[in-house]
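Please find the structures below.
Next, two complexes with subunit A in common: one pairs it with subunit B, the other with subunit C.
What follows is the complex of A and B.
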């Protein structure tokens, strides 16, 4: 690196607008958000005073918020399980060599190009809770196939309804996890597999001792990415059910509080979301940073 | 897995460029058949929502009953059950008139948002990889952090700021927001892209004492097309499909198509689902076309923007 302001001045100047803008709109606003969350600004009136962690304590002992957290957990578990399962199976089948692989890949991936708002329209139809003669959507299929006992109220089910909401999310993002896994499969040197086969490893042992260990970093990344998406889920729920109590998650609860001008409460929910997200982001950044260092 | 790896130099993910090594022969013909059968079943399952969207969009409300809800339309879209009554096309014209104004606005939002963030991202990526300064890595991390936060974490003060400054509830505010929050990912994509391509010419020009801006404009920019394709597609798709910022910062009168579609769909009951479904198809068309035509670049952005 050459010394002197003539060398580092211009490039620094070129990124400085970005630094300034992100300084304000990312770091500044996060700080402002935390500040608002420690006040009692529960209405449009600008008068407010510092209340410390009162909002956090109130929220964490509020049934409604705990309900939204429970919903989020159910949604996340089903969403992760589904995307990882389908993503892995698809990648595994395609990796073994398939005619028209590009076609299969495109079909599995295309839902990612569509917005949750658009797909929410059709999923609301598919997850219609009417049963029996009035059944439409998936319940109608069950009815027609003589599998009537499988009919259910989908997201209207009291406790596990959120599992139904995870279905569109799985539909939309399994292809993405497939792309990640496929890149992982293709990244395993062919020699490694050959060598294992030469040594007489069975197909299962090949996977157990060669393929899975090589894939585990990818699986971890996929897990982090999908969890991170799950945490923020908002569009999907708003478009399938709207902001109703039954399917409420922290992100939609925040919408309700902010539109009723309860700034302090909405900022508190947002801070909790940020903290939850950092549980995933920080290990991810550390992992990234470590492997970048190892690459040098 | 590193960020560098995750944003494969440009576009074609490894899945697509990996040399095709000979695959072991399947041990049985049956296993092979089974695999294709399974794959085809999966394809059908994934396409079910598309079937429902298309079929329902061509059914006039009068033809919709629960028992036939999965069937093909009972008549051609231009025909009606009663003379002069509603036809399947009415869903489409209805959806179009409900969405058309917002579609125009969304283009005015998504295209400039994509171009501006990409251009600034290219400059940032250039100085963070090829024209470095002390502590450039720290600055890069500082910028990158912005793409990992849930946007809820800045939404409350952003809404307050919008109210305080009297910013309009339309696409001009959204344009500013999309440009700003698109900067980290565009910077990341360009930085990784510039690292991946050889630039002897640039080094030579630098040695000759050419200035930074001149080197960027005359040597680096002409090489940057693949990077621009990825960032522009990524930003365009994101701005087009965005719903979160649209909900918090705009209204249906001035907002993008996602808001108008949601408005149209929330009113839909079983009877007039047709209009909502036609609307969903119309609203998805631009991003779907981008995906179909420029698929591999789309995937390139996907891989690098993975945490967004």
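What follows is the complex of A and C.
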């Protein structure tokens, strides 16, 4: 018995601060948040009653919230497609062998070192929607290059404006996806490619049947990481446009309701965001768990 | 041996965690000393900081034995400070006094029982006589007053570029009589080749323009009635205002949603736009650019709002359970005194709430504002927290932002009706 304690006691003691902190500040607060979302605490005053799922039903039937979800979907789709596409192309080109590979790797990876807030301030100017004489940023570049017809309102576009906000995010994270894919390419043994070539596989078939299947776990991880970042997007939008209706996503809507003291509503939005994120994360965790078990 | 070292490290980690939990909250003051006052504001930079410093020096003069603690929280035009304040109030750890927009924005604190009634303070200090009666009306909630205004700003001011108007043959010194007349002038300006007759900025400036149109079309009484339910949001007055606002949006810069107020005002300053509706803090921008009132730029009350003063004010409160209540009352006394108001407002560029201020102490624009504040009907600004509780104005802000995208007047009216019904209960 005493031997047993000696065996598992110290490791448990060692992880207990982490367990305690995570327990209180992550899971405890998630529980508190869910509890608030089931009350009618719509003001500062602490008195509240249990109202069940009323807040959720009200929110999901609200035009404004649906608009913010739509914005989020547009942003997420463009952002994921953009980062995966550029990340893959860059990794593929680097893998083909270029001079000064290290330099290109750093150049592509560097934007990730900048915070969304800092790059948001720059992109706020680049994506300025003024056209003609008062144009600045990208519109000004188009104008001086004689490509004036390319000028557009960017995020000021009523329906697809969120796609413009995804541009800075793509610029920042494509390099990261590239690094993941590059590691994936490098992990494929040269022998496999040589064997395929010996068997007379064309370049396309080599990629289709040898390289891509080996890259799919990497692609999945990249997809999960990028998509959960997209669900949480807040800082980028706040620094490019501020919290306005046109570019509202659930995270900025949550901030607005919190600062106007509607605690129940902001807790409800937070819970919905958490559920959305877990839609992506949980299948990923299950998949990792399964593959780890298979390895053992 | 290795095991033991491991458990030692683990034990140390736990002990560190426990110690961290015991350390006192940062920034707390020595509670034993009654002669101190902790003042919570979001005045951390620029003219606001200068104004606060001026106010503090008057306070130190009047109360040499009371220590002043500045608990200013910077950033986000007060939103960071409000969030920090909410958590302090929630934890029953209020500052001795905190800054808040006067008027309806205090509703949340009042309903939560977090503020003390200052009616008797007003009587003792003769503030009921010193402040204009229409302002007292706007500050009173259920017969009680919860805050002491330190400074007043005006939100229904139209800033005019004299040269732009004159070259289009419009007399810049005569304000159009009403919204329709103004829209005629705007049309004339546009026809003469000015691309953006009226400049506009991000969501709250749109809300401020909309509130100006509401005042113009409903009159002072009708507009004030919107906030207590006596004027219907789906009535004909609001419909006219929405229609006028819709027409005004035809004259604005296309990139307005991305511009902050100062960038929008800059358009008038640079002669790229003829008009801009903005609060009187814009005065500082014109002065800094070296322009002269009356020759390069001029101002009038937004067309149709002549005789109405659309006010917003910063004010100080006395929280329930303030640790140093006597010192906090000293602070409020300084804030409301003629001397304190003069020092603060000259530095910040606003006007004092007291009617006994001497106009000649102030610069030219402030003199005109002082004059109208004394004579005009005072109404509360929506965009700046005086007219509606914060959740109500957040709803309206979003509805107005949406209107800028879809220009659907019926949807805007429906949204304002539902915002009013959820706010008024």
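In this section, the second predicted complex is superposed on the first by the 293 of 296 C-alpha atoms of A that agree within 3 Å, B and C clash if a C-alpha of one lies under 4 Å from a C-alpha of the other, contacts with A are read in each partner's own complex, and residues count from 1 in each chain.
We adopt the following convention: contacts are C-beta pairs under 8 Å (C-beta built on N, C-alpha and C of every residue); 3 or more make two chains touch, one makes a residue touch a chain.
Just so we're clear, the structure is a prediction, and the values are computed from it rather than from any experiment.
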Self-check item: Which superposed partner A:251 touches (first subunit B, second subunit C, both, neither)
Solution: first
Quiz item: So, does A:17 touch the first partner subunit B, the second partner subunit C, both, or neither?
Solution: both
Exercise. Name the chain, either subunit B or subunit C, that contacts more residues of subunit A.
Key: B
Practice problem: Check the residue A:32 against both partner chains and state whether it touches subunit B (first), subunit C (second), both, or neither. | Solution: first
Quiz item: Which partner does A:213 contact after superposing on A: first (subunit B), second (subunit C), both, neither?
Solution: neither
Quiz item: Between subunit B (first) and subunit C (second), which does A:153 come into contact with in this model arrangement: first, second, both, or neither?
Solution: second
Exercise. Mind working out whether A:271 is in touch with subunit B, subunit C, both or neither, as first, second, both or neither?
Key: first
Quiz item: Can A:114 be said to touch subunit B (first), subunit C (second), both, or neither?
Solution: first
Practice problem: Applying the touch criterion given at the start, work out whether A:42 contacts subunit B, subunit C, both or neither, answering first, second, both or neither. | Solution: second
Exercise. Please indicate which partner A:129 is in contact with in the superposed arrangement: first for subunit B, second for subunit C, both, or neither.
Key: second
Practice problem: Return the residues of subunit A at which the contacts from subunit B and from subunit C coincide. | Solution: 10-11, 14, 17, 21, 124, 128, 130, 133-134, 242, 258
Exercise. Using the touch definition up top, name the residues of subunit C that touch subunit A in the complex.
Key: 3, 6-7, 9-11, 13-14, 16-17, 79, 82-83, 86, 89-90, 108-109, 111-114, 195, 202-203, 253-255, 257-258, 272, 390-391, 393-394, 397-399, 401-402, 404-406
Quiz item: How about subunit A: which of its residues touch subunit C in the complex?
Solution: 6, 9-11, 13-14, 16-17, 20-21, 42-46, 64, 67, 124, 127-134, 153, 155-156, 158, 241-246, 248, 256-262
Practice problem: Would you pull the subunit B residues touching subunit A in the complex into a rising list? | Solution: 1-6, 13-15, 18, 21, 23-24, 26, 35-36, 38-39, 42-43, 46-49, 52-53, 56, 66-67, 69-70, 120, 123-124, 126-128, 131-134, 136, 139, 142-143, 145-146, 148-161, 180-181, 183-184, 187, 211-213, 237, 240-244, 247-248, 258, 261-262, 265-266, 268, 270, 273, 276-277, 279-281, 283-284, 287-288, 290-292, 295, 298-299, 302-303, 306-307
Quiz item: Mind pulling up the subunit A residues that touch subunit B in the complex?
Solution: 1, 7-8, 10-12, 14-15, 17-19, 21-22, 25-26, 29-30, 32-33, 36, 86, 90, 93, 96-98, 104-126, 128, 130, 133-137, 140-141, 144, 171, 175-176, 179-180, 182-183, 186-187, 190, 197, 217-218, 220-221, 224-225, 228, 231-232, 234-235, 238-239, 242, 250-251, 254-255, 258, 263, 266-267, 269-271, 273-274, 277, 281, 284-285, 287-288, 291-292, 295
